[in-house]
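Below is one structure, written out as structure tokens; the observations come after it.
Chain lettering (A, B, C, D and E) follows the sequence in which the chains are written, and residue indices restart at 1 in each chain.
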Amino acid sequence: MARFLKAKKEAIGLSPYELRFLGEQKLDFVKLRLINYSEDQLEERELASISEIKDFQSEDAVSWVNIDGLHDTGVLEELIAELQIDKLVVADVLDTHRRPKLQEYENCLYVSVKMLQFDDDEDQITSENLVLVFNNNLLISFQERVGDVFNPIRERLRKNKKRIRSSNADYLAFALLDVVIDNYLHIISRLGEKIEDLDDELIEKPSSDSLVKINTYKVEISYLRKIIKPCREMIQNLCRLDSELIDESIQVHLDELRHNIEQANEAVDNYREILSDQLNIFHTTVAYKLNDVLKMLTIFSVIFIPITFIAGVYGTNFENIPELHYKYSYFIMWGIIIITVLIMLWYFKRKKWL
Amino acid sequence: MARFLKAKKEAIGLSPYELRFLGEQKLDFVKLRLINYSEDQLEERELASISEIKDFQSEDAVSWVNIDGLHDTGVLEELIAELQIDKLVVADVLDTHRRPKLQEYENCLYVSVKMLQFDDDEDQITSENLVLVFNNNLLISFQERVGDVFNPIRERLRKNKKRIRSSNADYLAFALLDVVIDNYLHIISRLGEKIEDLDDELIEKPSSDSLVKINTYKVEISYLRKIIKPCREMIQNLCRLDSELIDESIQVHLDELRHNIEQANEAVDNYREILSDQLNIFHTTVAYKLNDVLKMLTIFSVIFIPITFIAGVYGTNFENIPELHYKYSYFIMWGIIIITVLIMLWYFKRKKWL
Amino acid sequence: MARFLKAKKEAIGLSPYELRFLGEQKLDFVKLRLINYSEDQLEERELASISEIKDFQSEDAVSWVNIDGLHDTGVLEELIAELQIDKLVVADVLDTHRRPKLQEYENCLYVSVKMLQFDDDEDQITSENLVLVFNNNLLISFQERVGDVFNPIRERLRKNKKRIRSSNADYLAFALLDVVIDNYLHIISRLGEKIEDLDDELIEKPSSDSLVKINTYKVEISYLRKIIKPCREMIQNLCRLDSELIDESIQVHLDELRHNIEQANEAVDNYREILSDQLNIFHTTVAYKLNDVLKMLTIFSVIFIPITFIAGVYGTNFENIPELHYKYSYFIMWGIIIITVLIMLWYFKRKKWL
Amino acid sequence: MARFLKAKKEAIGLSPYELRFLGEQKLDFVKLRLINYSEDQLEERELASISEIKDFQSEDAVSWVNIDGLHDTGVLEELIAELQIDKLVVADVLDTHRRPKLQEYENCLYVSVKMLQFDDDEDQITSENLVLVFNNNLLISFQERVGDVFNPIRERLRKNKKRIRSSNADYLAFALLDVVIDNYLHIISRLGEKIEDLDDELIEKPSSDSLVKINTYKVEISYLRKIIKPCREMIQNLCRLDSELIDESIQVHLDELRHNIEQANEAVDNYREILSDQLNIFHTTVAYKLNDVLKMLTIFSVIFIPITFIAGVYGTNFENIPELHYKYSYFIMWGIIIITVLIMLWYFKRKKWL
Amino acid sequence: MARFLKAKKEAIGLSPYELRFLGEQKLDFVKLRLINYSEDQLEERELASISEIKDFQSEDAVSWVNIDGLHDTGVLEELIAELQIDKLVVADVLDTHRRPKLQEYENCLYVSVKMLQFDDDEDQITSENLVLVFNNNLLISFQERVGDVFNPIRERLRKNKKRIRSSNADYLAFALLDVVIDNYLHIISRLGEKIEDLDDELIEKPSSDSLVKINTYKVEISYLRKIIKPCREMIQNLCRLDSELIDESIQVHLDELRHNIEQANEAVDNYREILSDQLNIFHTTVAYKLNDVLKMLTIFSVIFIPITFIAGVYGTNFENIPELHYKYSYFIMWGIIIITVLIMLWYFKRKKWL
């Protein structure tokens, strides 16, 4: 399937309320993890089924349910039944190829973004869909795979950093989005370093290898842009959103988020331009070196072709060639050859080829 | 006629109220199909004439009339007479080369989009104009040809999926547009896959065949853009529209539609950029390989041209060439030749050509 | 003078009220035609002077005065005197190199656009300025030349099509603008057809002729853009205009006009992009074919240059060349030559040049 | 100093109220000219000092003071003292490298634009800063040099054209700006003519001279853009300005100004695009001609290299070359040569190289 | 680390309230300088610790505290404690890789910009983060390094220029920002001068050195753009800001600031375009010169290859070559050679190659 847009034939004409998994299955099990916290307690647990959530929820604590693996629609139907989540929300979660979006539902906010991983050796970025659905004291995060970038947040929760433990689920949602976008910045800067390192290589010794690199980086930067542009739109909407599920004190942090995604966006645009410039410089350098190669060929050819002809003429076996019999003919020939060469050299000198 | 813009000479100066078919006739008959449905019944029928519609319409049911073939203005005049549709609406339907548009009339909404087909072997996309005219309980769809992408909707209607059967014609209109745009996404992703597959080919073995492919895909992507950009504008207008013919509950679905067309639009822009990059990479690769070819030519020429000249000189038949008579002249010549060659090789080595 | 911008030195510092003709004179006479119509009568007439208009005007009829030829400022001064037209309006009419514009005056609307003609053989588009000045029952059209695209409108007037005959001058103005813009679309589609036909030619047999065509079309498309972009702006202003000289029932038609000019604008942008792509493809194809040419030259040179050298060595006339006297030397030389050639061929095979 | 941006080191950190001349001094004196006019009288005078202005000013007349040369801050301090002009205004006048701008002060309007001169032989545009400061009956124009484009306005003033003599200083300001922008249009059209003339040259005989021209024009067009873009912004602000210093009757003329600067802006963008296209066409033409050159070289080389080798083989002096002794060998050799040549020709024919 | 975007791995998931230095440490000490001023006194001092500030602050004087070196979070914690600055503000100061931004806090304004230095020999621009935090009578400036561009401001403060000494901290903040942006303009103009100087070099003698320069300048211009674009956004926000910490009289100066950053932005865009044009011109010039080189090679080859072949034929040693024995054969051969050469020369003449 195409990496930049995935749209399965089966998705055409599906009812928006139908629960059908439209991504690629990346796990063969579903893993449910719950972190329950308030200012003075924190509890972590693996759950066997959605129904257990209710046992741990309490009025004054925030529950963070993390679901890895989305292929099992049974689990999600339970979610609808147990936690009164709109069927439309869950159907949306199942289409993992959606653009990042923000949707306000009656009793919850729906936020989806892409999480990125960067394989440093292959220079390839892969993405995974993350959906956060939250109200005041419940946040559910849906991931396609086990393993994420949220460990710093879990650490902050465990170490009782006062701000995060005493806030509602909206602060947790912000913290998760913040990590995702910080990770964008980090990946861009790692890729950017490689791109900037290309600069010297390109003028000094442009090789076909540099071309492969330029191409690889261009594709990855395009991929990043594809991810970041709609994410930026989503974050802007989030900043403008006037929902009672988002506390006023969060606004300053959301502004920070917007600043970061803006910076990511600008950096990607910068690197895209730099890569275009690099390709142009490469192309021009190659064209310039070609000139050198051909000047050399031309100088040698133009000097030797006429004198080789002269020698050829006196290699003919005609019976009557008067010149052959004069005593100094051979030396005169050499004289003519040398004069010819000198004229040519003078000519190339004047043309600044030498 | 031009594929990107079709504008017949006959269309110039036509009254906006004149019923004249301005497309290409793609059928030699007109086919009328009616689906009449409410929550608890559904009836499908082929109609012989427009006047039959009235027999089946009822207050509490929605009627979907599908008309394939637009060349017969008689049928359309009947429509005006029987169903009180504005003449301006019908005249518009007949100009199939229009941009997608949304128009609000007194008693109905007019929506036109292009439906796409993708021929996988020829890599060619063709389009057909679709017009939807609807009010609360009647939707008329106008197509140029028999055959469409609406079968999933017909199936959903028949299988009594509760949402679609209990809603008004506005939900049907949304469902039809949704299928059309899902189909865009599917076609883009099929084309996109081919484009992304080109990437490796281009650096490893750039052939004139890759060039043909790049060109073909560029034209198709431009064609898609031409279709999608005004469609996006139309969908945005639809989302902002404040009409009593569109129920409030539809808004969330229209937002989804806007998200999808936005995704289609972004994907097309991405692929356009990728193709431009690919062409640049191809061009640069070709220029780079040229350098290789010419370095080889130059090395061989520069080495052999001088030594061939030396041999030529001693092939002359002058009577008096002293060197010819020394015993070791021949071997000295070989020595000079070998030294010349070694100097040249050292020179090319130093220039990093070898 | 430059085709894309004409600005005479004499125009600098002219008072905006001065009546001086700033275009090129294209006629040596002035032709005045009057069509006077109401729902039940129509009268056509050639006028000798402006003053005659008054004789034919009546309260309940619309008068359309068409003036071909603008160089005679006397005629225009009569217009100011007889019909109470603002001097500023008439001074504007005389500067035929203006951008299309819409201006609301106290008692009339001023609309100017460019009319296009397309010379199919020369592939050249020429333009002429058209100014419409109208109030409720008088429309004056100013043209630089005899001959226009308005015959379909005159036909509709004569044949008593009910809409046009029973409406005010605003409908006539719309109808005239509609013809002008339909004509744009027609010209773009004729040029577009030629552009799309280039596509195959470019990859199969790129000739310098294709290059001339690309260049010609690019210039014409730029010219069209120059005409259409300000016209689009003007039409948008017209749609937004809140003037009592434009009846509400005209709005739906003006929207149509906006749709058409939008389509023209998009088509021109599309074709511009297609031409840029075509030039890139052409350039890359040429570079690619160069590779082929030079591979051939290199293969022949690299194979024959060394073996010609070998033959050259044994063509020297040294007295003491031992090899010459061995019985099989000649055949050994052939053997060496053949082995050299085979090695070269194997090498080129491995490099995928053959 | 850089032509596109001039920013002196001394300007850094200067107080906005400090009177220091930051331009290049272009005169070694200051010239003050006064034109005093009302509907029925006009008086022109050279002034020795600013203080004389008061002697000539009267309630019902407009005074136009023109100052050539800005290096003498003494003169400007007098201005502040005598005419109650804000120090900030005068400090601004002294920084001649500012962008065009419009500023509303308590008792005057400040407008600055660039005046252009075009040297037709050098194809170089130079600019000079013009500042207009005006209230109801006083307009001061500041120029860096003697000599301007305002003579048509002075003529209109002298010849008692009724409009200009009976209006306030705002009309004079409009008239001066109008001349400046008309002059832009004239210069663009002169440059444009040269650009359009290049078109034929480029395909028929592309020479390095055309390249020099393209480059020169590109730089000048960029320079024009740099001047015109902020000027356009300034004119737009002027049109939107709601100041009592600008009479309502001027609005229609300001709209005209906006139209003209818009036209200048569009023309510059057009010519920029045309020049880019021309460079691309030039480059592609050059690449195409290279193909021709190299096809010729390849054809000759490929035909003659093998047959020269054959001749070379039979020029060797081996004792035992059986072929040399057969009677018809020489003619057979010719046969082989001719057949080889024919095969090559047929091959090139098939490849469409001939 | 990448120069265009620096994002450390440690920054991911950090709490927004955590004080951790995320820049590169550029000093190994912290330097605190205080300037305390009012209309009639000024006091400068180096401070040992933050707590000393309180000793010098007074109601009617403005205090400017400059902090060089940000790595010591102890100093900053003191700041929070002593001066009631929000922890969020200080945490922000520590992340020196942020985009320029403006944030309004309850009791202060936070403004960050980049200060630039230009190394004229290396043609490299380096940047340092500057943060200004101010309320009515206190301004704290945070720098990463000792040494800045603020000396002109300190001079103005010392010399008792009336405006600056009698204003609040907002005027000081404006003056500091003004210096920073004037410095941008100065750096751009120094770089611009070098870019404009390239123009002649490129057409007359394009060398690989020019290519290196173009590349270097392109990177620096991109770097400037990266710095200036978000700064422009920040200044625009500052102009629109409605805060009581900014006096109304400052508005006219902020407008000036906006004008300057706008000019910087336009200049950078201009130079970027000029560099792109220069690279294109360079590339085309190189391609054009290649044509010259190859025409020369082709002319020599095409003339000498056939005549060398003729000489080669009569160098063969066949026993029976009738021509060899005719008396004038040798001269006839010369005749044929000369005629061949003349035909070739005529052919090249006709092709305009000579």
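Going forward, a contact is a pair of C-beta atoms (placed from the backbone, for glycine too) under 8 Å apart; a residue touches a chain by one contact, two chains touch by 3 or more.
What you are looking at is a predicted structure, and each value in this text was computed from that prediction instead of being measured.
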{"item": "Homomeric contact subunit C-subunit D: same or different residue positions, threshold half", "value": "different"}
{"item": "Whole-Å gap between the CA centroids of subunit B and subunit C", "value": "25"}
{"item": "Whole-Å separation of chain centres (CA-atom averages), subunit B against subunit E", "value": "41"}
{"item": "Contacts with 2+ other chains: residues of subunit C", "value": "283, 287, 290, 294, 297, 301, 305, 308, 312, 315-317, 321"}
{"item": "Overall pattern in which the protein chains touch one another (line/ring/star/complete/other)", "value": "ring"}
{"item": "Chain ring listed from subunit D, with subunit E in second place", "value": "D, E, A, B, C"}
{"item": "Touch list for subunit D against partner subunit C, complex", "value": "149-153, 156, 161, 163-164, 175, 178-179, 182-183, 185-186, 188-190, 192-193, 195-196, 199, 202-203, 252-253, 255-256, 259, 262-263, 266-267, 270-271, 273-274, 277, 280-281, 283-285, 287-288, 290-291, 294-295, 297-298, 301-302, 305-306, 308-309, 312-313, 315-321, 352"}
{"item": "Subunit A - residues contacting subunit B, complex", "value": "1-9, 11-17, 88, 98-99, 101, 103, 205-206, 208, 211-212, 214-215, 218-219, 222, 225-226, 229-230, 279, 282-283, 286-287, 289-290, 293-294, 296-297, 300-301, 304-305, 307-308, 311-312, 314-317, 321, 323-325, 327-330, 333"}
